[in-house]
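The structure under discussion appears below in the form of structure tokens.
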Amino acid sequence: MGKFIKWGLLALSLAVLATGWWLGLAWAPPDREMGDVQRIMYVHVPLQWAALVAMFINFVAAVSYMFKASWKLDATAESSAEVGLVLGTAGMITGAIWGRPTWGVYWSWDPRLTSQAIMLVAYTGYLVLRRFVEDPEKRATWSSVVAIIGAINLPIVWFSVRWWRSLHQVQSTPKTVDPEMTLALRVSAFGMLFITLWFLVARYRQALAERQAEVALPDALPSDLAAAGGANSSRVA
Amino acid sequence: MMTLSTQLLGLLAAAAPGQVGSGRIVGGWGYVWACYAITVAMLVLYAVSLWVRRPKAPTDAKE
Amino acid sequence: MSASRPRPIGLLTATVALLRKDLLIEWRTRARLNAIIFFALATLLMFSFALGPDTKLLEKNAGGYFWLAILFASVLALGESFRVESENACMDGLRLAPADARAIFLSKALGNTLLLTALGTLLVPVMVALYGVSIVTSGVDLGLILLLGCLALSAPGTVYAAISSNARARDVLLPLLLFPLVIPALLSAAKATTLVLQGDPMNQFGSWAGLLGGFNLIYWSVGFLLFPRIIED
Amino acid sequence: MPPLSAAPALALHDVSKRYGRRWALARLTYALPAGRSLLLTGHNGSGKTTLLRLLATALSPTAGRVEVLGRDAVVDRDAVRRDVALLSHASFLYEDLTAHQNLTVLARLLGLPSPADAANEKLARVGLNRRSDSPVRSFSAGMRKRLAIARLLLKAPSIALLDEPFGELDPAGIHDMEAIIAELKASGVTVILATHLIEQGLTLCEERLHLQDGRAVAA
């Protein structure tokens, strides 16, 4: 199954993403007001969705770790935070570039972009913390706490920034989208989601291998312990 | 949890910025290509970093 | 031994006992405390230097600078309060006493709130003098915001200081974790303070205070629930 | 032999403790009968300190079960904590507080009726009453050890876990410490003693457990 996931999923996701982008860039009509610039949507929105999916997985894994400690959950949390950070950063950059022709500036303190920037800093802190704690069990517990608190913070940040900005400018409302646009967006989103999944699986395997190397049974012990290693009542399975 | 997820989705997912002012923006393909190029570059770079950091010793065949 | 068996004490009693201990340590190391106060004063002063002699600008942004000074000082104070516990493994001593981990959270967070509120009270007259502002609406409002804001910095700060005090590079880690988290608190406290200093024609003070209250409610509960997991493993 | 009904003072069932990639304790099984005292010996890094910290519930085992007075040290942690007291390498003392204040803080946490008096009594017992109002920061290593044992006495435990109690003490201090340990034993406290001073340990303890690389071996 390893080979299939590794290359089959990658090929599938690249094909779907390429199709979606082709639909978006060549097939779908330009937007009535934004013109061709609107075609940024087919890369920006899928990135944001995929980043959210990754961050949500991170949150679920962190909460689950609090209830049942396991290296698999820890590895899931680590991989999803890192993948989410990469996708979210790309999403923020494309959003800022999109802002230039539409708003006239790269950064307009739009609540969504601002919340996202804060979120990215928070998850950078999460990954830095993981680097700075040696003990695997402590690292897993502490980073779960940080991930949970960071996720709880998101809606609060969003509301406060929106409130803060709303005193200055009226929030623009999302507009209706042509059916061709919807299709191109959907296909691109699925392609991005598959790529995300591929990244997640690859990173998860790495993280799990790292954890297992960290907690591997030392060679100096008698073999009976090594044999019992899998069956012992370890706190962290 | 579902509420939070929906909220999160609403928070960033629909982050398609609306337009300001009126009149159709002409051209702007440079911005479009920049976005796609940056995204592709970041995804490729991340894939390369995954390759570089790949586990050195293969895990046990049993697992 | 002849002494009677110790009997368990309640959460509140333990919190009070630990808070007394923390305040006693603060008092006995007041030189350190003074250094933090002067740090905050210097921060206020540095803002005016960084911006040049534009009094209008200083007056307009006084609330924000005031809260930034408190935020920077809070990072130092939180780091100190957990450094005291890691010396001689005192945190282990408390855990094994046994002291309820939730009481440790409450005492640390409350102690830090007290310290920051006192610091803020000292900073208000300095801010008035340095930035040329005056309290337009009411001093009670300012006191309320000061208390709510310091509570809001202390609860998540205590959780993250407990984590970072045991990690490498703790001095970098604490602000990196804490700053993005307290942005909503900083934002609403600064806004509300600005309203107090410049008048509140649209009656927005209540909503910002409410936001700060909600923030407190969430993070004091989260800290209360999660802190035991951080120090017990 | 202790009566059959009495639970062993402590019981280790297949206990292992891992630090990173190193096993500090490996599948240790041992039971100490009630009313006996235990001497732990072994080289540095053999697992003595880890075992004491497990018994004190400062650590939880990676695998296996630790029982103190018939109670599981993980499940019944708070109850076990009230029964045991640990004298560790780290003194658990606040450097900025005085000797008396350090003990008073603990006495309050323990819910003792008059914390200040209890603190004074224990300070006198370890011969520190004349320095009770000096900050710990000014104490020598030996004085810190005395204060740490006063802290342990204040807790009045059923089981005293002593990690190198004679370390950093002068001959008079060692003599005092021996007297204190004998007194603890006389009052019915189970003493678990880890030390390099094997002669002193053997006179104080009936049982002996020799650890080597985290496993029990014949001494």
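Per-chain residue numbering starts at 1, and chain names A, B, C and D are given in the order in which the chains are listed.
Note that a residue touches a chain if its C-beta (ideal position, glycine included) is under 8 Å from a C-beta of that chain, and two chains touch if they have at least 3 such contacts.
As the structure is a prediction and not an experimental result, all values here were calculated from the model.
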item: Busiest interface, counted in C-beta pairs; value: A-B
item: Per Cα centroids, the chain farthest from chain D; value: B
item: Chain whose averaged C-alpha position falls nearest the assembly-wide average; value: C
item: Rounded Å distance, chain A centre to chain C centre (Cα mean); value: 32
item: Centre distance in Å when chain B and chain C are each reduced to the mean of their C-alpha atoms; value: 37
item: Chain A-chain D separation of Cα centroids, rounded to whole Å; value: 48
item: For chain D, residues that touch 2 or more chains besides their own; value: 60
item: Where chain A touches two or more other chains at once, by residue number; value: 134
item: Chain-to-chain touches, reported pairwise for every pair that qualifies; value: A-B, A-C, A-D, C-D
item: Chain D-facing residues of chain C, complex; value: 1-9, 13-14, 17-18, 20-21, 24-25, 28-29, 84, 87-90, 92-99, 233
item: In the complex, chain A residues that touch chain D; value: 134-136, 214-218, 220-222, 224-225, 228, 232-235
item: Residue ranges of chain A touching chain B (in the complex, touch as defined); value: 21, 25, 32-37, 39-41, 43-45, 47-49, 51-52, 55-56, 59-60, 83, 86, 89-91, 93-95, 97-104, 108, 110, 112-113, 115-116, 151, 154-155, 158, 172-175, 195, 199, 202-203, 205-206, 209-210, 212-213
item: Of all residues in chain A, those that touch chain C in their complex; value: 66, 118-119, 121-122, 124-125, 128-129, 132-134, 137-138, 141-142, 145-146, 148-150, 152-153, 156-157, 159-161, 163-164, 167
item: Complex contacts: residues of chain D adjacent to chain C; value: 56-58, 60, 77-78, 81-82, 84-86, 88, 90-97, 101, 105-106, 108-113, 118, 135, 151, 153-156, 184, 187, 189
